[in-house]
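My questions will all concern the structure given below.
Just so it is clear, A, B, C and D label the chains in written order, and each chain counts residues from 1 on its own.
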Amino acid sequence: MNFASDNWAGAAKEIAASLSDHSGGFSAAYGDSEFDRSVERRFNEIFEREVAVYFVGTGTAANSLSLSSMTRPGGFVFCHRESHLIEDECGAPEFFTSGARMSPIDGPMGRMDVEALGKKLAQFESIFVHHGQPMAVSVTQATEAGSVYSIDHLKQISQLTHDHGLKLHMDGARFANAMVRLGATPAEMTWKSGVDVLSFGATKNGCWCAEAIIFFDPDHAKQVPFIRKRAAQLFSKTRFITAQLDAYLKNDLWIQLASHANQMAQRLIVGIKASKNVTLAWPCESNEVFVTMPKLLAAELERAGVSFYPWPIPTWFAGVKSPEIGLYRLVTSFATTSKEVDDLIQRISG
Amino acid sequence: MNFASDNWAGAAKEIAASLSDHSGGFSAAYGDSEFDRSVERRFNEIFEREVAVYFVGTGTAANSLSLSSMTRPGGFVFCHRESHLIEDECGAPEFFTSGARMSPIDGPMGRMDVEALGKKLAQFESIFVHHGQPMAVSVTQATEAGSVYSIDHLKQISQLTHDHGLKLHMDGARFANAMVRLGATPAEMTWKSGVDVLSFGATKNGCWCAEAIIFFDPDHAKQVPFIRKRAAQLFSKTRFITAQLDAYLKNDLWIQLASHANQMAQRLIVGIKASKNVTLAWPCESNEVFVTMPKLLAAELERAGVSFYPWPIPTWFAGVKSPEIGLYRLVTSFATTSKEVDDLIQRISG
Amino acid sequence: MNFASDNWAGAAKEIAASLSDHSGGFSAAYGDSEFDRSVERRFNEIFEREVAVYFVGTGTAANSLSLSSMTRPGGFVFCHRESHLIEDECGAPEFFTSGARMSPIDGPMGRMDVEALGKKLAQFESIFVHHGQPMAVSVTQATEAGSVYSIDHLKQISQLTHDHGLKLHMDGARFANAMVRLGATPAEMTWKSGVDVLSFGATKNGCWCAEAIIFFDPDHAKQVPFIRKRAAQLFSKTRFITAQLDAYLKNDLWIQLASHANQMAQRLIVGIKASKNVTLAWPCESNEVFVTMPKLLAAELERAGVSFYPWPIPTWFAGVKSPEIGLYRLVTSFATTSKEVDDLIQRISG
Amino acid sequence: MNFASDNWAGAAKEIAASLSDHSGGFSAAYGDSEFDRSVERRFNEIFEREVAVYFVGTGTAANSLSLSSMTRPGGFVFCHRESHLIEDECGAPEFFTSGARMSPIDGPMGRMDVEALGKKLAQFESIFVHHGQPMAVSVTQATEAGSVYSIDHLKQISQLTHDHGLKLHMDGARFANAMVRLGATPAEMTWKSGVDVLSFGATKNGCWCAEAIIFFDPDHAKQVPFIRKRAAQLFSKTRFITAQLDAYLKNDLWIQLASHANQMAQRLIVGIKASKNVTLAWPCESNEVFVTMPKLLAAELERAGVSFYPWPIPTWFAGVKSPEIGLYRLVTSFATTSKEVDDLIQRISG
């Protein structure tokens, strides 16, 4: 029973098969083959406009190079206090931007509060060279707390962002999970809501290693080929990414994989709600379920072979009232089976 | 007939199969699984000592992060004038080292001349803060010219390097091809010859995307986990690299793949030597064959579907005496067939 | 009546004279003259041990290059939330350290709370590559709030810092003001309290432009000559700094200048305490006096030619209870006269 | 007899006096006073157009931050092989540009050959992401060899530079010496010849520490306030630079100081030409005189108290034919007296 993370899963079978299918023959290196081009063009269709697409190898690369394309000296990037940019990238965003500062914005449920963002941006309205200058805003969709920004929330943030002359980046490591939840099109959840640059993540949703940076205005991407190569993220046998994404985007596979992951999360929640010992910490809108339970129970589950992580308690969460209780994260993925979920439910309902 | 580059090939069938075999189930992310550990340990056996191993995604990453681990302010890295570090990495080594300078050392056949290196190092013997300071020496094995450093040559370079208090890095993008050529063990060609850090390349020799940085003294690698993560080179589903390397190192597959590539190069050379129109530019010691031929013939071959690249004329090569003649590179790989070689030979022998 | 900042003053007359005296003749450039050496040696006497001294041009340079000498990838520097490093250096510390993160530690009166620092450091006790690693702790003496760390407080911080294998940096932009306050020797307030590297500031206390980085263990400074030159902080006519510091350190001038500034602050406080309209916000322990007063009164004072700055309200200060009241900073310096202070007192006592 | 370097001199007496005159009173810090503004405006008059002016502390800072304002990922800066950028700045240009490469261009007399520059730029005409991209061209006026670019030469270089979509930087560490030599106006030698950004050096010509970056198109300087602050080059008591430059630019002092230095060089050359033992290596067009002489004689002169430096032999200079002969540099400055020159002449004419 593995609920540790969606990146503990391997590759979806269609994606594994696509890689095998493309392993023979010769093909122009460094993303210059017709196959590479054709998959890049698929993104134009998916996003309903001409976009510039750059494949990279990790979500950290997608995020860091997105920000690198917006670098300003002494720049501030505004993102949620618990965002991956702040918590999980070992200074990569700072490194690739020559020292930009990740400025934490608070907000419940892992989503930036619009008012809090507005207040912070207002502090930069007069130029004060000693402090630095705003550079970008970054939202995570779905968030690290398993919640999802509504289209309206995104539009409020993008409005504020653009009013301050900044660009809006979206960390879409779990893009498909959020999209499925909202029932929105890729276009609606991005440029139609004011997103300028997207880290399009596919790894967590069934690929081995396939991430893309999407620029909705290709004119802003002119330096990116050099930024990517200088960052050691241009792969010689790029088709190993292309082949993954080809299968991923074909026949709505990506939607199916994310739908499954989200459904498994909801199935789990039904069981949690029925449990006396485990409590749903807050609503799950994607594939990350957060629960509170006695630490003793958590230890027992681990001994029984259930994998999952304890989680730091967010500032906006007041549901842990005793030191014997812990907060835990349970993640489902394309590879989670109903049986696994039911087995876990059985264990916690006992 | 594809002789453009060894990275135009896909993945060897054993490697493709290994990836498929490992695509199911769950496994600790970020290189923390027992499978990851076991493949890392294989490197201890291969190199006959305890080494520290860090998987990364590209050769540029392996080289740049190796140098990043040796960074000194105002530092100079000494490498051959035609090295990949200087010619093909878009400033990545400079970027990851916060501005080290790649200092070109000349030498015939793509190999650094020991005396030239010694002269250059001597210029730094007295500290002169305005100019900067030496930081590392880097050799490429096999070289960009398809030649190979002899064990003795490596030892002379490492002696000089260590005498100046520096560390020796080896760019082993074509490590296996060189090893096969020399008939040397991995240990002999590296730490026994004084190499301190190795970029162990597997991508060009049949993997999709599998490179490793090897530290022969694990004590010098303490910061590398952070250097790698900060560089966005820590892959969540690391097992996609591990699975490749598992197959690569099993049953001497890597040796067989490189042997085949080298043999195809030698088979091609036999044909070239018999040709009146195409001339072997210099001896080939690995899987890159350099030839001169009339530009008209080159154009004709390309029209006939032979892929290969024109090549800039090295300073040490005097074999192009007319503007109608060009220098070209023909690369063989694990995927090159005897038939392809023979077809090309037939075309040039006509 | 100028209370805007101690860097609005010019140069003390002894320092101006010293510069004039040294303007003729020839002298080895780049800090290599005997005069440069002799002033460097003065620091050995002042600090009662052999130290390594590097002159630089700005406090930002002193702080950033101190941290640069301690750089670790993905590194965290722990400093007070209102420190100069965080609030006033436009990302210079992040830039020079290739992206270290300035981690804010809270504490009343502008001083880091030992317990808060301990809690934060404890978060890094297990290695978690995704988050990064601790790199240094930095205290500001005197603080941005005009307070001073006691020797005991410094020792508690250094103990904690060293227990975690880190080095302690002191931002001494107002070093002399703090020293005078404590009645401590330079040695007592630094290495005897566990400080490893000091930004020794002289600019705010009567020099034009004279800062020094002091390493109490010269062995840790080996790379600093290169770090400084690469940072464009090695001045060709270094004697213009040396001549300032020569006068500054001679006959305890620096002590006298700082004593005067501190006394002017205390004289001002006497007047403030007697005022009905202006309230001392918190005790002043150096030369920065913080007061609350009606915004209307502040505007009136400005119109009358009194220079001073409104100040952001620290999280630890609860003394502003109405939107009509503001927090303001009044800074005295070596150049502040009793008459100026008395004039201001008269205005606020009215 | 000091001919070591123009930065071994101190400050011209008018400049020293100006500093003393401005040492009292209060003045807005960080370059925000009316006095700072007025001196900045002087540059508009001097250059006959509106320019953006940024004071910095060292020539290395002026050069590095100029290039930083033009940074492109994987960028190449083309400059003469013996330029200060390449030989004397310890990697600062590389550091501040996040790893740009300084690409050496050859040419006799320390001046870039237009054809050689054109050839190098042509190599970048097709985009090749692996190699990087051109970023800027930088000329040094006067050059490190004491020669001066003619207006026509500058125009040829700027034409080529602009034709390739690049900006032209001028390192004017000895700007006044070159200007005096050419009899050109500041405008003619810069923007009228196609220079986009200038490092305006005053330190070597009689200031203590006063350099300025001049943008001839202020629109291209929008990020420079942040670039400068982040680089720790914004001085709190900026008026110490302003006061120097105020005197420097007043009553054509800068022209007089440079004229004197150049005249002293010419006076010295008359003596050299009459000497049997010392030979003028090449014509001097500013204040740096290069000579060849027996190493024994050089040693003798040093013992007699003459300060000067041996110099590495440029690739374009064939005048040293024996190992007993050395190349030496003799630099005059505003502070060099006729008597000193004559004393040296007497010594070498003996």
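Here are some notes:
Criterion: a residue touches a chain if its C-beta (ideal position, glycine included) is under 8 Å from a C-beta of that chain, and two chains touch if they have at least 3 such contacts.
These figures come from a predicted structure and were not determined experimentally.
Taking the CA centroid of subunit A as reference, the farthest chain centroid is that of D.
Counting C-beta pairs in contact, the pair that comes out ahead of the other among C-D and A-C is C-D.
A straight line joining the Cα centres of subunit A and subunit D is 50 Å long. Mean C-alpha position of subunit A lies 42 Å from that of subunit C. A straight line joining the Cα centres of subunit C and subunit D is 34 Å long.
Taken residue by residue, subunit B touches two or more other chains at 30, 73-74, 89-92, 95-96, 98-99, 129-130, 132, 226, 229-230, 234, whereas all remaining positions touch fewer. The residues of subunit B lying in touch with subunit C in their complex are 30, 68, 72-74, 98-99, 127, 129-130, 132-133, 223, 225-227, 229-230, 234.
Subunit C makes touch with subunit A in their complex at residues 73-75, 87-92, 94-102, 129-132. The touching residues of subunit D, counted against subunit C in their complex, run 2, 4-5, 7-13, 15-17, 19-20, 22-30, 56-61, 64-65, 89-92, 95-96, 203-204, 208-209, 226, 229-237, 239-240, 307, 335.
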